[in-house]
Every structure is written in C-alpha cells, then in structure tokens.
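Read through the structure below, which is laid out as structure tokens, and then see the notes.
Chain naming follows the written order as A, B, C and D, and within any one chain the residues start at number 1.
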Amino acid sequence: MNDQGYFGQYGGSFIPEILYSSQQELLKHYREAMADPSFVESVKKEMQQYSGRPTPLTHCANLSAQIGGAQIYLKREDLNHSGAHKMNNVIGQGLLTKRMGKKRVIAETGAGQHGVATALISARLGLECTIYMGAHDIERQYPNVFWMKQLGATVVPVTTGSQTLKDALDEALRDWTASFEDTHYLIGTSCGCEPFPEMVAGFQSVIGEEVKDQAMAQIGKMPDKIFACVGGGSNACGIFLPFVGTDTELIGIEAGGCGDGVGEHAKRFHTDQAKFGISQGFATMFLQDEEGQLAPTHSISAGLDYVGVSPILADLSDRGLVRMSSARDEEVVAGFKQLMKAEGIIAALESSHAIAGGLREAAQLSPDQNIVINVSGRGDKDIFTIAKALGDEPFKDFLATYLEGEK
Amino acid sequence: MSTLATFVKQQRQQKSMLLMTHVIYGYPTIDESLQMMTSLLEKGVAILEVQFPFSDPVADGPVITNACHDALENKPKLSQCLADITKLAAEYPNTKVLLMSYLNPILQYGFEALAADMQAGVAGIIIPDLPIDHHAMAAPLVEKSVDPIWLMIPDMSDERMEFVSQHAQGLLYCVSRKGVTGQGSDSQSEQSQLESYLNSIKKHTDVPLALGFGISTAQDIQGIVGLVDVAVVGSALLRAYQNGGLSEFNEKADELLTVQ
Amino acid sequence: MNDQGYFGQYGGSFIPEILYSSQQELLKHYREAMADPSFVESVKKEMQQYSGRPTPLTHCANLSAQIGGAQIYLKREDLNHSGAHKMNNVIGQGLLTKRMGKKRVIAETGAGQHGVATALISARLGLECTIYMGAHDIERQYPNVFWMKQLGATVVPVTTGSQTLKDALDEALRDWTASFEDTHYLIGTSCGCEPFPEMVAGFQSVIGEEVKDQAMAQIGKMPDKIFACVGGGSNACGIFLPFVGTDTELIGIEAGGCGDGVGEHAKRFHTDQAKFGISQGFATMFLQDEEGQLAPTHSISAGLDYVGVSPILADLSDRGLVRMSSARDEEVVAGFKQLMKAEGIIAALESSHAIAGGLREAAQLSPDQNIVINVSGRGDKDIFTIAKALGDEPFKDFLATYLEGEK
Amino acid sequence: MSTLATFVKQQRQQKSMLLMTHVIYGYPTIDESLQMMTSLLEKGVAILEVQFPFSDPVADGPVITNACHDALENKPKLSQCLADITKLAAEYPNTKVLLMSYLNPILQYGFEALAADMQAGVAGIIIPDLPIDHHAMAAPLVEKSVDPIWLMIPDMSDERMEFVSQHAQGLLYCVSRKGVTGQGSDSQSEQSQLESYLNSIKKHTDVPLALGFGISTAQDIQGIVGLVDVAVVGSALLRAYQNGGLSEFNEKADELLTVQ
C-alpha cells in the first residue's frame, strides 16, 4: 500500500471535499492508535473478554472422509459474539471512536449483521448509533432490525435507488458529511476511502494470525489452501492477509447467485459485467453497465450482495496472490447442508459459499493436505431463507399460529 | 483566463449576481428535461448546470437523489447528453453550460473522450467525488480548455485552499455549509462566518466564485450579493417542478432572476 | 455423594428394572472414562476445538455503574457453539456414547436448546439421534425443531399428559427401556437417575473452573457472589460446584413466572407447592399436588419450565451452601433489556433470570465487591417471545409479508 | 407363605392358568372404572390389578399413559381408590385385588398409611419405578402382609435374580420382553428364549410367577400355559373398551377367560 491508500490501481480516497478533514483526522488517529501499544492491547482485550476470541479451528473428520480428499478445517468466526466476524471490526473501530472523542457512530448494513454488531458495540461503549439500511433489506431482514432497535440504535430505512446495501452506504456517507464533527462512520467491510480498507482488514487479520498459530499447534504445518467468501471482502482479507506471499494458496469465493445474467449474481471477478470503477469513496472492480451505472446484484445470502469489492482483494487478485472463484446458490445450499449434517455446524449462507468452494477443491487434494475454510458467521439468522429454500411447511404453520396468537 | 472565467467577469459588469441553475438530464424524461433547460436558457440564466444522473450520487440530498434514480429509468446516455447540451449551448451563446456528474460514469466514458466531446460547447464540469488530490485525472479536460470546477468548503485549512486555488480555473464552487444539497440554510447569524470564509478564499485566488448549497429564494440570493459572483440554485427549482410542473418551475426561475 | 448416587436425601436411582443393567453399564463406563486421562483430554479438546471454550468472563462497566454497587462480571456461556451451556454436556455424553460403542442417542427437550445441542453433537459424532419434545413445545418452539430436523435428527412429538418437558422425559425413558442395547439416553440437565446428575454437573463444571482462573486473572480474587438460573440445574451446578465451600456465595434463581398460584411459576423452593418426591428416575423437590401428581409449571423462558430440580442443588440448598431465590417474568424482561442496552449482550430469557437476581443484589454491595452472573445462553432464540412481550408491530408485519411471499 | 401365594397355588390346582386383568381407577370416570372392575370380578378373574393413575407413568405405553391422563381429569384420590377396591375385594373373595401405581403418589400417601389401608382387602402392590435396591421402602407393607410384587426381566444377571428372589413374596411379575406395556409380542421363535428365562427364575424361587407385557389374546395365554401361573393382560382390555365400550370389554374378558 502506498501513502495514498492505494493497492495497485485500487483503493484511494474519492470522497466529497467536505469529508476531507474528517478523513484526515481519522487517518491520523488510526495511525497513532495502531502505534500505541495500549490501544492495541485494549482491542485485543475486548476481542477476548467481550467477543470470546480466539475462535477455534475445528477439524472436520466426517466431512473430510465424505469428500475423500484433503483434511478440512474450519475457522470458527461463527462463535464470535454477535455470531460473525463483523464483531472484530466493530470492536476495533468502536474503541477508535472513543479514542477520537466522538460520541456517535453511523453504519450501513445490508443483511443487518454489521448493523447488529455496530449496535452491540455501541451499547457496550456508550455510543449513539444510527444504522442506514435499505428499505428492501429491512423488509427482508427484519429480525436483525428488531435487535438493532432493541439495542437502542436508530435504524433509518433508505428508500432511494435500489433500496439495498449500496444505497445505505451512500446514505451513511451523506449523514457523515453533515455530522463528521462528532460522528465516526463505522464501515462494515474493507471497502470505502482510505484508511477503511486497510483498517477493517487490519482488525480482521486477527483471524488469519490465529489460524497460523492454530495450524502449527493442530496440524503441525501451514494449510495448503484457505477459502473465504467475499462480499465486501473483510473476512477474506482477515484470514488471507497473514498468509499472503506464503505457500498457502488463498481462494476467495464470490456469490455466483442464480445465473450469469445482469442482476443474477454478485461476482466482481471473471465477468465482463464488472469493470474498474470509482464510487462509494474508492476505486475497485464494480458491477456496472456501459454508462458506469452500478448494477443490481443477487445472492441467496444478503451479506454477499454487494456491487463492489475490497480494493485489497482486487489488487491481490491482479497480482495472482489470491485466486477468485464463485459458487452458485444451489451449490451453496448443498454445501450448507452437507456441513451441517456431517459436523453439526450451521454456517451462515455467506460462509456456505466458502464451504461450497472448499469442498469442490478438497476433493482434488490428498488426505495429507489440509485446507482451512473460514466460517465467517453462523446460520441461525438464515432460518427464514433456508426454510423458504427447503419449502418447510411446519415453519409456515408455526408462523401462522404465532400471528394468530398475536391478534 | 478561461472562457468561463472571462464570461463570468464580463457578465458581472452588468449584473450584481449571476444565476446558475440546475437540471437533471433525463428527469422526468429526457424531453422534459431538455424543455426545462430550454426554458432557463430562454430566460437567460448565466450558467446552466446539467447533471448527468448516476446511480449512487453520494453528494446529493434526497430530492436530487430520487430524481436521478427516476431519470436512470430512462436509460440516459452520456454521449447523447453531451450532444444534446452542446446543441443547446450553441443555440444560446449567452449562457454557459456546465456538466455535473460523478466520477464513475465519467471514468467509463473516459476523460479524453469527454474532453473531446465537451470542448465544443460545454464550458466546465463539476465532479463532487473527485477530490483535488486527484486533479491529474482531469488533465485531459484542462488541456481542451474545459474547466474542472473544484469545490471549496468552510473550515478548510489554508494549505488546502491554496492547493485548490492553484488548480482553480473558470469558477470555484464554494459550499456554504456542511451537508448535502437542498437542505435549507441555518440562522442568519452565520452570515459573518460566511463572509470570513469567502474572504479567506479570495485571499488565495481571483477565479470567480459560485456559492451553493441551500440557496432557494431570491431573498437568499439577495443576501449574498457582493460576496460572490454566482448563486447556485439546485434542488429549489427541482422542487418547484415537482410541485407544479413546468409553470411553477418557470415562476421559480423568474423569481430567482429578479436579482440582477 | 454416596455410592448410590445420593445427595443428602435426594438423587438415587428409581427406574424400571428393565433399565437396571443399562444404567449399571453407563455408570461403569462413566467411572472408567473419567479415570482415563485420554477420555478427559478428548472432552477438553472437543470443548475447545468444536465449542470454542474457554468462554470469556466479561466485565460490565456500564451496567455496574448504572446499578451503583458491585462490579458485575458475566460468564459467557452464550458464546458456546449452539449458543448455550448445553453444548458442554452433550460433548461429554456424546463422546461417552461413542466410547460405549452405542450408535444412537435419545434426548428430551423442552425449549429445544438441548435438542438442538444433541442433534449437533450427533451429527458431529455420527450418531443416530431421536429427540422427544412435547407437542405443545414443538408448536411454541418450532425454529429449534426445524434445526433438529435439518441436522438429521428424528423429532418425536409427545402428545401425552401436559405435552411438555416432563412428558418428553417420560417418553424418552420409555424409548430407552426398549432400546438401551444400542442407545444412550442423553439427559440434558443434572437430573434423572444416577449417574446423570453427577455426570451432567461434572461436564458442566468446566464453567466454574474457568471462572476461578479468570477471576484470579481479571479481578485478582474470587467473586463475592455467583448467580445462575435454575431450570433442571445444570448451568447452576456447572458454575457453582467448583466454589462450594469457599467464601463465594452461590445464588440460584428460579422462574418466578407470573404469580404464586399453581401453574403460574416453576419454583421448587420457597413454595409449599413443591415437596420431596420421587419421579422421572430420582428423588428431589417436585412441584406436585396432595396426591403426588406432578404439577403444571409456567415461565416466560421455556428452559426453566421444569417440575423438578437437580438433586445436587436440592441438597446444597438444604445444607445452606446454595441460596435459592427467584425472579418474576417482568423482572426478567427488565433485566434482559437493561443488560442489552448497557452492554450489547443479548442474553437468553433463562439466563435473564440470573441477571435479574444479580442486579437486585449487586445494588446492595460496594464497588470493591464483585459478582459473576452466568449467562447460560444467548437470546436470539427468544425473538418470538420478546417481540410478543414488547408488542412489536413490524415483526408481525415481517412475518405476515414472509408468509404472503410463501403462498 | 403369603395369602396371595397361597391363593395362586390353590387356584392353580383347578386351572392351568390364572388371569390377571388390569383396570385404571378413574378411567374414563370413577364409576365406569368401578363398573369394569365389577364386571371382571363377576366373571371371576383370579387377580384384578387396579392402577391408580399417576401423571408420569414412565413404565406404561401410550394407551395406558393416555388413559391415566384422562383419569386424572377426574381428580382421583388414592384414599378413595383404596376404600373402593377394598369394598369390592370384600364382595368378591374369590378374586385377589392388587394395587398398581408409581412411587410418588405412594410416597405422598406414605408407606405406613398405605399399608394400614391396604391390609384389609388389597393383597399386593406393583410399583414399577421402585427398584429392588430400595426394597426397604416397602418394609411397612411387608410388615402388614401386603405383598410388594417385584419385577423380573430377561437378561437379568443371576446375582440380581437371586436378590429379587430373596425379597419375592406373593407373586413375581416377569416381564416377557423389553419395552413398555401394550406393544404386542414378536415372533414365535422367542418362545424358547422365554422358556429358558423362566426356568432360570424358577431356579431361584418358588413364588408364583406372573408373565406380562404383550399378552392380548386367548391364544397368547394358551401359549404360556405350563410356563407360569398367571397371565397378565393389561392394555388389551383397555383397547377393547375404547373400541366398543363395556360390551366389547366383556367379550374380550370372556375370550381371555376361555383358557382355564
């Protein structure tokens, strides 16, 4: 990374001038904080004592045997407080917010996972909290909204544009331009202007650092491959970065959705629907049309349903240090089920992309090879989607009866 | 001095304040937007700012954002937009036409291509998400004498003002307050802060100044006579149109033009 | 404990003769296993690498300040895999089942937490799994049933009697009498015949053992009081036992329900509706009428809705080593909310009983005193109950819209 | 020898097999259950087992369990039950009446009180969740010559059979197969296993033997003639009642009684 927050041709800061000083201030505080051992220690402490880190590395004997290839290990970010890796980032940025003396955070959220994580840490740190969420997403993901509200956060429905994540991000940026004096914009993935990609990836790197120690302790050597799903890219950056340039191959799995047509997937690589672009504060591969209008996306997992991608990953992919691949909705549901039945682990649908990718490739490896799949979050949250995908009738009856009882 | 700057300075010899009005290309339809533009040109506004809609207009408020999304339904093309406004610019030589859009549509079009296509009739361009730090990206425009119109904001450091000033040409767009477009101004007591802000800009540059964000009435304009050269009215006209169609739009434009 | 599985006058084995040899076999295997360091190690390993132990001890600065008394610490069993302490027990018994060479487990479940935990470990260990659950509970707690089924477990609705937990336990016992040759009955709490109370409490004691280490490391001394909710009593036993006989006061909080009438609560102490009795395989305090018929119970938290209680706790209470208290539904919801808003931790409604009890007493202590509250599980699972308690309209709209989309 | 054992041995001199039938006190109502009992007594069954319902009958199958729960709706009292069946026992001296229930209702009543109240007319008691290890709890009954009827099961160790035998008096209840009541017997090939099981019991004791679990037809009973003294029919009669009321109940009883 060079001094202007670039990763190869990606990254940078492309924000309205009004945010310049606020972004500079953040950059300064971030650099100072990271150079201050007591801050680094406080992040580590909160990750341990609040979120329960380290998360384990789980060997999957049954699953490995079923696949008949490499030994499969899972990095269990699902065991974080809040049920996903998102907690790592909000702890870091939350403590930074306190250090900067700001009283309020704003955040964008798609599926609501980052929104819930932000609302949790805001309660914990006594920060005011406003979450921007697309009105469509609010409708689809209301349980998360319910918890954000219960936690005391203000949830603002974003009714512009596609009423989904990218619009929520736009709206959060708009809030920030009016509120930066007392407000930190707590971005949920390693996207956005400098120093967000680096900062979020940095706070998430605890994942990969732990994998290194755990691989040595449990396997006796580094894994041959690591798989992570890629929405904005934060869990992938988190587990990949400590391994970049080592012999471990790093594979990012994007949302292949239900097809290759425009709006049917959320792939920013290996599709000519995505091109280099600049928006939402930074340069990266964006799904867009010929006019440069950002394109609609689809994924069975709301958390991967994003139009751009971390500039860090875009660059690592260009440089051949990370290989990008994707998994389609059906393959994802199959991977979700196979893991669940073989090992009793209910992964988030986002994470199930990494699982699908991992299982595909594990089969081609030998039993003395080892792969690590990042389980970025847990799947309880996906019950509505899964029950729908499986057409489970009793679930509908349960809901209907519940609603009856509420009348 | 750029044609735009020269134009502004000349006009200002007759008028205490120039008006810069805003229309979104393609809203509510391409034809209707062209009608709005024509209407303003007929009335002789000094500067017409045409926004080419983008899906993610982060520096715009809800009124313009929603209008941009509506406009996108009509699948506007930047090439056609340039052709259309170049034609209008040729028909109304007493008005300078500016393009406003975000970085990504421009990037996909290409700065070189854009410079070539703007050269004929579009005097300048406003790109709110292109910070001054990336001025080099706009070099192809500068080369073809199309003015990139940079933004100044309150509380900017002296150093950064100087940096912007170094690259300023044609016009400088001074933001009058924090936030996004179309949110109305705060108390009158901010007037003195505004003056000292503008004075500090003037220390660095003699490029003409436009003041924007939150100007919506003739009275607002009157209040800044003497402080800047150009008053920028954005969402006020759009709101008028949304309230009462072209006729209310025209009334609003007439009101704004009473300050000469 | 004496040789017949007694704890004072409580405990013992009161099972149909048909189960005698199977119970003896279990007892023998259990004793052998616990004396075998490699088994103990395998339990510890699975607790760490599968469930993510140790769970942290979280200091609550905001909450302590709000209460203005003791420093409040939470033991975070909510961060276990499956979201509750139930995982500790199923890991232990699951591995024991494998060691005994049995192929199948059966379990009773009320709220479904133990059912889900059992289904998870069964998938993980490749065991067949049948879960008995009252038909009423299935209706109320369908999301848990959904996951059990997805995990490959057979869920059997129990339609006899009150169609709730105690009936499920009866039914599981009936299954066991016909299936003991290849089946282990994996009881979910420290109740039932010997060696279940001791065994479950033993596997759960990891909670209290960790608290000891963590209290030394984080506080520098042992806590003054420890609070735990008491359903069957396993999380309470788990956190209490390592502290019995020390200076730390141990307080169990039962479900005070919505009133003191029969069927309005689930208190087995401090009520003349509960008496010494023998049923479901063991002797303890049971809620019952004059004829010795077990009584109906109520609690806002399904997991505390049980008619009996661990013989270990009944005895410790008799001996004055554990103090029993209770919290009513409203107090529980208030405690749930206060913790959530102050610290960003969403506790299970079961655990919120302990929180309510802890907050009540923390206020009377001084800031240099320390209490630990056991957060036995997380509260996401309680969204239907909480949304109902709070009358949240958008949640109903969300469900209605979801159902519409399913038609 | 206890009165119950003496009675069985005497009766067996005239009959190849005695019948022990089962009625739940209070199901479907107290009166109707007394009617069923009277009916059986009139027909001269050798032994009448009256189950006092308990909320959690873990050793019973679904038919009896559900009937017990229905019976509980009528709030049966153990004291009244004892009074009622003592009266019946007095009226029908050719039948022995036994009580069956679970430990907790008995415990709440008290073993001492129970012994006192049973002494007059109820010969024995079956408590399926009271294991032999806790035989001391039943001491007050033994003292008043009420026989606790212990269970024997297949695959029991020799040691444990011996243990049970030491305490056996009146009657031993031999379970014929794994599982709970009312589930029908498996293939006929189990006959030889059954014989060796019963033979091993007989090595330890000469207390009369009753065989239960899964006996539902006269044919089932015929099949065990010569092996034991008493055939226990539990849920079959209950099912008959549920199918066709008292008349089908009576028919079933008549069928069972054809084996004499």
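FYI, contacts are C-beta pairs under 8 Å (C-beta built on N, C-alpha and C of every residue); 3 or more make two chains touch, one makes a residue touch a chain.
Source: prediction; values computed, not measured.
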* Shared chain contacts [chain C and chain D, defined touch] -> none
* Inter-chain centre distance, chain A versus chain B - centres from mean C-alpha coordinates, in Å -> 38
* Structure fact -> Whole-angstrom distance, CA centroid of chain B to CA centroid of chain C, is 66
* Would you mind pulling out the distance in Å between where the CA atoms of chain B average out and where those of chain D do? => 98
* Structure fact -> Flagged in chain B as touching 2+ other chains are none
* Overall pattern in which the protein chains touch one another (line/ring/star/complete/other) -> line
* Could you list each pair of chains that touch one another? => A-B, A-C, C-D
* **chain B-facing residues of chain A, complex** => 4, 12-18, 20-21, 160-162, 166-167, 170, 173-174, 177-178, 180, 275-281, 286, 288, 290-294
* Asked: Which part of chain A faces chain C closely enough to touch in the complex?
  -> 48-52, 55-59, 62, 76, 79-81, 83, 119-124, 126, 139, 142-143, 145-147, 150-152, 218, 337, 340-346, 380-381, 383-384, 386-388, 390, 392, 394-403, 405-406
* List of chain D residues in touch with chain C within their complex -> 54-59, 61-62, 65-66, 69, 72, 75-78, 102-109, 128-134, 150-153, 155-157, 160, 175, 178-180, 183
